[in-house]
Structures are given as structure tokens and as C-alpha cells.
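Should a chain be cited, it is by its letter among A, B, C and D, assigned in written order, with residues numbered from 1 in that chain.
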Amino acid sequence: MTKKICIVVASRANYGRVKYLMKAIKAHPDLSLQIIVGASTLLERFGKAVEVIKQDGFKPDRSIHYVIEGENLVTQAKSTGMGIVELSTAFQDLEPDMVVTVADRFETMATAIAASYLNIPLIHLQGGEISGNIDDRVRHAITKLADYHFVATRLSRERVISMGESPERVYNFGCPAMDILTNENLSISNDTMPTTPRGVGKPVNWERPYILMLQHPVTTSYGQGFAQINETLEALKSFSNLQKVVLWPNPDAGSDEISKGIRQFREKNSKDINFSFFINFSPENYARVLNNAACAVGNSSSFLREGAFLGVPAVIVGDRQRNREHGLNICFADYDAACIAKKIQEQMTIGRYPQDHTFGNGQAGQQIADALAVIDIKLK
Amino acid sequence: MTKKICIVVASRANYGRVKYLMKAIKAHPDLSLQIIVGASTLLERFGKAVEVIKQDGFKPDRSIHYVIEGENLVTQAKSTGMGIVELSTAFQDLEPDMVVTVADRFETMATAIAASYLNIPLIHLQGGEISGNIDDRVRHAITKLADYHFVATRLSRERVISMGESPERVYNFGCPAMDILTNENLSISNDTMPTTPRGVGKPVNWERPYILMLQHPVTTSYGQGFAQINETLEALKSFSNLQKVVLWPNPDAGSDEISKGIRQFREKNSKDINFSFFINFSPENYARVLNNAACAVGNSSSFLREGAFLGVPAVIVGDRQRNREHGLNICFADYDAACIAKKIQEQMTIGRYPQDHTFGNGQAGQQIADALAVIDIKLK
Amino acid sequence: MTKKICIVVASRANYGRVKYLMKAIKAHPDLSLQIIVGASTLLERFGKAVEVIKQDGFKPDRSIHYVIEGENLVTQAKSTGMGIVELSTAFQDLEPDMVVTVADRFETMATAIAASYLNIPLIHLQGGEISGNIDDRVRHAITKLADYHFVATRLSRERVISMGESPERVYNFGCPAMDILTNENLSISNDTMPTTPRGVGKPVNWERPYILMLQHPVTTSYGQGFAQINETLEALKSFSNLQKVVLWPNPDAGSDEISKGIRQFREKNSKDINFSFFINFSPENYARVLNNAACAVGNSSSFLREGAFLGVPAVIVGDRQRNREHGLNICFADYDAACIAKKIQEQMTIGRYPQDHTFGNGQAGQQIADALAVIDIKLK
Amino acid sequence: MTKKICIVVASRANYGRVKYLMKAIKAHPDLSLQIIVGASTLLERFGKAVEVIKQDGFKPDRSIHYVIEGENLVTQAKSTGMGIVELSTAFQDLEPDMVVTVADRFETMATAIAASYLNIPLIHLQGGEISGNIDDRVRHAITKLADYHFVATRLSRERVISMGESPERVYNFGCPAMDILTNENLSISNDTMPTTPRGVGKPVNWERPYILMLQHPVTTSYGQGFAQINETLEALKSFSNLQKVVLWPNPDAGSDEISKGIRQFREKNSKDINFSFFINFSPENYARVLNNAACAVGNSSSFLREGAFLGVPAVIVGDRQRNREHGLNICFADYDAACIAKKIQEQMTIGRYPQDHTFGNGQAGQQIADALAVIDIKLK
């Protein structure tokens, strides 16, 4: 009998990280895949990732709205609560043999708690990492709830074990987000890429150089996001001859401040033809955009993960990733336009870095699926 | 300005553990106490502990129902979710400077998550313990969410630190549940004790010997509670000349099985004049009942904590406390009536044990309050 | 293509009323049946009606816990809210062409609101009745939300129309609860009936005379249920030579008071061999119990509906049904033991009444199903 | 002792309607005012009306987030459910003697259900109206739940009574939204008005002519909002010499389609200097904007209510208000740009209409407060 593995996909970022694992599970003769899509994957405002998921041939077993609107600290907590309520009902009906949850967001926590309390073995991906902000406590708390850990780096494995987890329950096959990088053609062209999603901003010429910006709110410095994003945008503005591709942030506490900053900047600089604003890409297209960027700027963990693998020069702004394991492609800047601009310039002068496989070699999805098939899954 | 400390009391057991801390905070010139009562403290079926809390002179700032009925794994998870939703609203309004949560139950988790996501420093009591069941993962997950830890034993402190917490954030003043034992007169008499609460079973003569029984469901062996409780009750039955005082379990997944077992046993043995069934005691009365028991039987952690302090001989049945730190007063038995009866007999032959201060010396409440007053509370 | 009809069964009483409609829909070539079971149908304490539903060959599409524990006014409201939340998710997934809801309980309201807001045509059964308590406002509010009305009496049809509903949307085929009465063998025997469910109270000899008691809390006089039930129980006690079959109440605000009254009465009268306490019957067995009662006492609407059809003498205690349409088999008594006892005596002297088909002739299920199949269902 | 009256303000539109009632209650010696702010009043995206409420000198007793993000049919239903859950907790704590709810939105329903189930007398404002869409069923359902009705027109009073409500419980003092119109200076000037809120679009010269547009989604034709708004915007575009002031819609199911339509139109016509986009006004400023419009276009009920009082020529687009009682100032147009433009032209040619007091004479707030003070409030 096949083992039923339930994956909860609750944000566009989540999906990019597990897509290749989902493919491997779906194709595996001893595993059967259950999919729950929820939270911001269902929301227009965040690009409705559920559509991409369906286009990729996956059929969700349940679709659940559980984002309480507000993008502040209170609504983030309440969304977690509502997620637990409805995921519990779904797990009860679907009766998976195990549940997979990824990383450290509030939706991840909801999945982890629902599965734990239902005595369903919990598989956690990307445990043991350290970023230096509130995500750390959430990530480590999930580690303590999880029964099996599929970490992304050797150092992460050591950390998970040092927190008291049994070594035989901690696997390091790298991060399945890397799989996209080895399995897809990452060259970029105007023929295949969307150029002006949602009609906002100027069309991008993907075949010409551009800087990529993606900056999320930092929940522990809630209230300062507006000022923070302004510094980055001002820095970008100084590169007047280069195209700038700006992505909207994830739906976290503080996202509305970031969004407001971007919106106001856009209004004030509506004549600057070199800014383009995107809500969402498919995981493959995002990989292409990152791969071909002259420089990546902001605080997305993808710059440290996929960016390292690809060797994309990146400038990390602020604290959000300050303590995270990283490769040579990363340099750090404070929330200061001049400082950020200087670092971008330095990185572009250096150009492409050599590949770095700290976060995996791009085979994780298949290896994790194979392991799930053979492990005699037991609650710890 | 005084620091506002919010304590969420969500079960009768919770209250017994923090009552002396609440008293100390309330009396402290630099602290002000906020109280939220919720979950089973509001429920008739579990003795409505909120009434005791009010009689003790505390005035709840909020009363919140968040138990989803069912007492199974699913409803336990959903109750956690609903707790998060409404506690978040309450914290937003009350704006505490810190939130205190105790131990490892699902209500504790709800408090921990709501406070963490609202960036309110979280104080956790009784972290670092090990009991050998699902509570462990919840307790350790809360440790990773908490900013300050007030543990109950030296060994617990070591465990919390070994999970990666900063030593300067981990305090060991013992468990404030012990404070009742040193501050109250624990002699027992028929004049002051309730003898037949809720009119169920025979009146107890507290001045004559009795065995105390308190056995909770074990959530990781959900579905076996009915058989488990029967063994213990059968064992008690063999002590036909002794009074037996039986308490109803906490509202956990599986409690309905335990309750059903007790109810059926009671119906079948309605002529046995030596069984009495109680839903609830005030913390002081519970301390008296424990202190004067000839033997305590079941799996309540109070047998290992307060029981050790008092030297009450106890027989722990099954796995629920198997791995928990304990003193000489404890012996273990499997779910087997004959085995349990034999151990009870042995324990009663030995009689009272010497006092054991592993879990504190009865001054914890005041010491914790003093520490909270002086610490420069910061998110970790 | 068949029309998908979703029925939400949320209490044991609900199920008895729609069982024959469910059978008719399931058997109809142009209709397909979707079933959601929720609320107290899933709860042990209320007899877990979901088991009966499954034994009858129905397969629930969703099982949802949404009862907030407490049985008071607040938790009743909150349960309604949680019902709306999760039923909305279920309706979104199941995509029914219409939703059927029955009568006037809080679970009914949850179904009505979820369906209305999702623009799914709402079919309401048993609208237009008047009972003289809070249920009236809920029932009439649901009438205003519903798109089609299948009422149970001619007078009810007139009331629904007088509230402004289009006559062509109001059908009177009688109440489908009557269908059980014509389709099942209603004789009773000890061979086929459960005699001591859940081991509580004395076994019943169904072949000897008995009085049936079923009394629910009256939510608008919340807080007085304990006193009210005592009067009825005392009245019953005076019929010392007759068996008394007592059913536990529905899970409404105030049920815990009723239950407490019954429990205390039972403890105090544990030697009275003529009382038996039952939590639940299958709809057929309940029909048998009612049909063969020497007298029915309490405030269940079944006494006025099925009771009239069968001609069972009944004494209605208090206000709960005071203004409801009723037949000759009904007389009313205040909350007063002497008065109740006198009326019971009078009714038993009269004995069986002639059949009364005010609430239908027992063909409603099939007629409603046929109508749903041919109506061109449209939102009003 | 004063009567405690709790008003739940759950949207910017709500607030405009009850502001003068709130003032009258606050000032009344026999009444005390409790305020709960919730749902979209707390949201940045909808102009955070809570800030206006506070600036007006009101102090909310509770702030509750209960909007589930999505703006579709499912999330609208779920928001209603969450509203019920948390409002129940708040009512339990605040113990009002009555609760006031306004009109027909989903937040209104949440308030109505929570109060009804808690046995708190419910006061409904603006019952008995007919608009010709789903709001009707919600409004009438609330009428059946409410204990007292303060309607806005004579015809509405008749309708409420014809639905079966006791005439002595139905008062017609007109709509308190009119009170602003008589109590405030409604002239407009650039000195006092915001000209470019949130930095979007061109500054308005309020002292020059402008057309006002406000068009909400129609929940019963969910999915067509994008096409519908486009027709109106295209019609406006043809008045190239006039300023156009466009307001964002309420957060209903379908609002995202309307918003998307406005956003795309704005991008495509970013050079058209005559469009300005506003999220929110204080009630007084909205009254000024309406009062001084050359023509009002869309489907806001304020055009039929305040618009009639003020004599503002208005073009109602589509079905949303088709059946609502209205004055001479209103004409109707289909979703067709040419038709809409033609009607706007006709209305502007006619110019200002005479005042019409169908919806009250601007004294309602005080009269309702006086009535609440003297009525012997009882559940119906």
C-alpha cells in the first residue's frame, strides 16, 4: 500500500521550494500525494499561485482561505490560528500517513501544530537554519515538533541535532528549491517571459541588464518597513541606466508598509522608465529572473540559497538574513541608500561568482521522496 | 512605570501552578497583573475553576471560551487554533509587557504562539522537563518560542540551555506550585473540606485513610484510555477496606474515554461505599488531599512534583511520566491491575518518604516576580 | 446532468427529520446527494449520531467539529460562527447546486448563512412555524435567507407567504419526519430495542407501559432550566408503578443545567428502579419509543408533530411550544410538579388519540425530492 | 442607572450612518455608549476609519480584526463567522443592555447573530428597505432577528410590519446619516479638504466642477464586476473637461474585481489629468464631496439617501439599487458606457433638484437616543 504524503502549500515561496519534491512524490510508485493549498496561494493580490500549481498538473485536494486581512502582528497570529482550525479538519478527512511542512513562516507553524496534535508524523524541510530574526524561533519550535528533518546544509544538520533531535531522524539532501536550477533551462528571453504583469510599470527587456529587488518586512522591527524600503529604492534609483525589476513582498506582518513604500515611490517616480513591478512569477521564471540578474538586492533568502548555487552577486540589506549561512556571492549593507548603492556597484564590478553547493546539488526532491518511501515512519 | 504582566489561566491545573506567582505579582509595587481566564477554567464539567480564582480575590480582565468539544485529537488541535485567534485580540487590547505561560498543554501552546507573533516577550514556566510522551515536543517547542525560562529543576535548566537557549535567560527558582505547600496549612479535616462535591458517590471521611487516584489520558496512545483506566480502577477495588478518592481527568484528547471508564465502573460498583468521585478542588484543598493520601495512584505530574516535596508514596501507571525526573517517593507500574495493586501495597507498607526539594523549596512565586521586576525584558 | 444537493446534518434531531428525504434524493436518478455531518452528530456525549447515519448506508463527504464547549448562550453563538467558517470551505469544495437546511437550531443558521453568502440556492424545511420562543426569530430569519421553502403545514405556508415570500417558492408536502412513521414497523419489543444504553439506569421492559420524558432547555429563560426540569422529574416520580424513560436534551444553551438536574435526580433516586436514562436512539427506534408511550412529557416538538400523527397523549411543560400549531393529543402544564402530574394522569385516562395529519401524511421525502428534481432552481 | 448601548462599527459606511446617533447617545444622561470597531475600519487598505472615529472623540472599547482576506463569496461568509465568534466574547465581557446594528452588510449580520444568541436586545437601523439584490435577504433576515427597528422611511416601516413585526416596535425617525447634512457646513474648499490622499492621482480643485463616482460590487452577479466598472469609467472619460473623483469600493465579495478595473484604467490613462482616486473620507468630508458634485455616478445607496436630501443629480448604474425607494434626483442606466454618459449629460443639464426628506429630516440621532432611553427594552 502506498504511503499518503500531504503537502500544504501556503505561499508562492513555499511552492517554489517544494515543487520538485511534489513531482518526485507524485511519480513515486510507493507514495501518493495529497495537496492542500491555502492562505496567500489563493489570493489575487499575491499572484494566486494556485493557478500556477494547477497549470503544473497538480490537483489540490483542499483549498482553504485562512489569511486574516491586516498584514500586522495581530492578524499574522490570528491567521495561524485559523489555519490550525481548518487544516485539522482537512487532515482528519484526508488521513495522511505524514505531513510535510517547509521553513519558518506562520503558515508553516499552522501546519506543524495541526499535524502534531493529530499524531500525524511531521516532516520538516529547511530546519536548523539561522537568519537572526523572529523566524528563527518559529523555525526551531517547528524542529521540536517535527518527527523527521530534511535539512538543506551540513551545518543545519548539526544544529538540529544539537537541539536534541536524534541524528537518525535528520537527513541532509540539500534544499529541493535547488532542483529547479538543475532541471530547467535558465536562460531568459522576451519571447517566453511575462514582461508587464498586471499592467503595472514599464515592460522589461529581459535580454538587457537589470537589477532584481525583493525585500520582505522584518517582523521583529515591525513599524520600520516604510523607511527601510525607501533606502533600497533610493539606492536603485541612482542606477539610472539600468533596468530595475521590483517584486512585491510576501504577506507578512509589515508587508503593507513595504507595499506602501513601493507604491508611493512608484507614484513619485512614474516617469522613470526603468522600474518594473511584478507580483509573482512561476518558480521557473523566478529562477530565470534571479539567474540573469546583474545584481540581486534586498533580503530574500533565495539570494543566499539559489543565489549561491547560481553565483549571482547579491546585496543583503538589513538584519533579516544577517546570521544565515551564506556563500561568497553575498555582501551586507545597512538600511542606508548610499551604502546600498556602493555595495551594488562593487558587486556588479565583480560580476558572476563561482557556483556554491552549500544548499544542495539539485537532487533533493527525488532523494527525499525515496527516503520517505523506505523509512519506517514513526512518531518520535 | 509598572510592568504589565499577563497570565493566561486555561485549566485548573494551570491555576494551582501559578497562584502564588499571581499573588506575588499582584503585591509587587513594580508589576501590575493582567489575567485572562479561558478554555476549561470556564466549564462546569471541569469544575469551573474561574469561580475559585475569583474567590481568591483575582479579577479576570478577559474570559474566553475556546474549547472545541470532542476531547479528541482533532478538537484539541482546533481548540489551540481558536485560542490563538482570541488571545491575539486580547493581547492587542491589553498590551502587556510580557506574557506568562506554563508547562506543556495545548492551551499553553496557544498562549505561546499568540504572544510570540505579537512580539510580546514570552515567559515560560516549567520548561526543560521530560515526561516521555507528546507533551515533550510541545514543551520543547514552547521553549524555543520563549524569551525567558523559569524552570523547576537544575536538570531542566541544563536541558533548556543544551537546546540552545542563552544561560542568562534561564532561571531556576523551582516550581511555584510548591509555594502552596509551604504557605498553607496542609492538615485535613471534615470540617473544612468538601465531602461530596456535585453529589456524586459516597461522602469521604477525610480523617480516615484513603488512596488518591488521578489518571489523565495519554494523547500518543489515543484510543487505549478506556482499557488503561480500568486496570487502575480494578486495582483500587481490591483495597476494599480503604476509601478511594477519584478525580476526573483534564480535558485532553482521550479524556472522554477515561471519563467513560470511570462512569461505567461507578455504575457497576454503585454499592461499593468506598469510592468517591470529585471533579475539582481549589489548589489548597488539592494540596491537602495529596498531602494526606496513604498513597497516590495514576499519572498526574503532581505526584512527582508536589508529591516529592511532601514525601507522599505514589504509584505511576503507564508511560505518561516514564522519563520525568523524580524522587524516591515514586514507583512505576504497567497498565495491569495486579501489578498496580502490588505496588500500592508496597508503597503503603513503606509509608511516608522524606521531603525532596528537587522541584523547589516553596519560594518560587516571589523570586520569579522579583526577577521579572528587575530584568530588562527584551525579545531574544 | 444530476443536480448536487448538499444536506448538512448537525444533530440527532436533524437526522430524524431528513432521513427519508436523504433516502429519496439518493435514490433519485436526477439528483446526487452530498452529506456533511457536523456539530453534535460527532460527539460521544450526544450519542454520536454519525454512526447511525453510516449504518443506514450514507457516506458523509465531510465531518466537521464546530461545537464550542459550554452549552451557554455565548458558546452557542460562537459555535454558529465556527460552523459558518468551515461550512463555507466545504461548500466551496463540494460545489452543490443547492443546500438543504432544517428547522431553527443554531447549526441550521450556520448552514443558512454559509450557503446564502456563497450564492448557493438555499432550501429550508419546516419554516413558518411558531413555537413562542427564541427559535421563532431564528426560524423566520432563515426563511428570509432561503430561496425555497418546504413547510410542514398549511398554516405554516400562509405564514411564510405573509412574511413576503413568493407563493410559488413555498411548498407544503408535510414534514419528512412523518415518513418514518408510515414506512417503518413501529411495534416495540425487547428483542430489537436497546434496553440499557451506556449502562446507565435500569433496563427497560419495552413491552410494559412507560412514560417518555424529553425536555430541552429554553434559551430565552436561560438560567432556569435546573428548576424547570426538577418539576417534571418530581411529577414523574409520583407514578411509582410505571416505568419512566428519560432522554438527555439537545446541546443548546442551558443543556448543562438540564443535564445537571437529571444527574442529581438520578443520584438521589438511585434506588428507584423505574427510571431509565437514554442518550440517543436511531430515528426508527425513537419513533417506536414515542409510538408506544403511555404518555409523553416535556417540550420536544416531536410530541406535537410525530405525536399528533400517531395520536400519542402528551403533556407539554412550559413555554417552549406554547404557540406552536398542535393537535388534540396535546395539553399544556406550567413548571409545577403537581400540575404536570395531574395532566399526565388525565392524558393517560384518555389514552390514545385519533391520527392527525396536520404535519403531513408521510410521503414528504419523496415529494420534496421530486420537486427539487424538476424545479428550475434560481436564487430569489 | 444608565442603559449601556453597544454600537459595532465595522466599515467606513457604517460610521457615517451612526456617527450622530453615537454623539447623541454619548451626550445622553441616561445612556452610556460602548463602541466596538472591527473588520475594515481597522484596515489601511480601506482608509482605517478607526482613526477618524478616534479623532472625533470616541474611544473604542474593543478593536477586532475579522476580515478573512479574499473579497470573494467564500471569504465574505467566513468573515461573518469570525465576526460572530469574537463579537460574542466582547458582548459577554461588556454586557450591554442593547446592541445596535446598521443596514445589511455581512458585518451587520455578524453583529445581529451574536447579539440575538446572547439574548441581548437587538436594535436594527435601516430595516425594511428594498434594493433588489442579495442585501435584501440579509436585511430582512436581520429584521426577523431584531427586537426594535428604527427605519428610515414610511414605506420601510410598512414593510417591516408586513413581515410580521409588532408596530409598536417599529420607529421611523428617518436615517441618522441625514443628521450630518443638517449639522455640518457642507460648503467645500481647497483649504479644508484633502486634495491628494495616499498620493494617488491628480490633486482635485474642489472649487471647480467635478463628477463623483462610487460603484460597489454586486454580490449576486459576482464575477462581472470588472466589466461593469469599465463601462462606468469609460463613460466618465468622455467628460474630458470635467474633474472626476473616484472612490474605492467597500470590501465586499467582488471588490477586488472593481479595484482591479480601477487600477488598470488608471494605468492606461495615467496621462489623463482629470481623474483623482480616493480611498476614504471622513463622514463630513464625504457629505461635502457629495453635496458639491455636479453629478454622482455609480450605485452607492448614499446617492439615493443623502443625495435625495441634498438634491444631487445622480445616475445609478446597474441593478444594485434598482428596487430601492428613491426621489426625483435619481435616474437609472444599464452597464453601458454610452447609456451612462447620456444620462450623466441629462442630469447635469437639469442640475440641482429640490430637497427631498423621504429618508428623514436630519434629527434622527437625537430622536433614536431619546427613544432608547425611555423604551422599556424587552426581547420580543
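We adopt the following convention: a contact is a pair of C-beta atoms (placed from the backbone, for glycine too) under 8 Å apart; a residue touches a chain by one contact, two chains touch by 3 or more.
Model, not experiment: these values are computed from the prediction.
J.: Treat each pair of touching chains as one step and give the shortest count from chain A to chain C.
T.: 1
J.: How many angstrom between the C-alpha centroids of chain C and chain B?
T.: One centre to the other, that is 40 Å.
J.: Which chain A residues sit where two or more other chains touch them?
T.: Residues 65, 74, 78, 82, 85, 89, 92 of chain A touch two or more partner chains.
J.: Sort the chain contact graph into one of these: line, ring, star, complete or other.
T.: Contact map by chain: complete.
J.: Going by the contact rule set out above, which residues of chain C touch chain B in the complex?
T.: Residue list for chain C touching chain B: 42-45, 65-70, 74-75, 78, 82, 199-200, 256, 260, 263-264, 267-268, 270.
J.: Going by the contact rule at the top, pick out the chain A residues touching chain B in the complex.
T.: Interface residues on chain A, with respect to chain B: 73-74, 76-78, 80-85, 88-89, 91-92, 106, 109-110, 113-114, 116-119, 134, 137-138, 140-145, 159, 162-164, 219-220, 222, 253, 379-380.
J.: Sort out for me which residues of chain A touch chain C in the complex.
T.: It is residues 62-65, 82, 85-86, 89, 92-93 of chain A that touch chain C.
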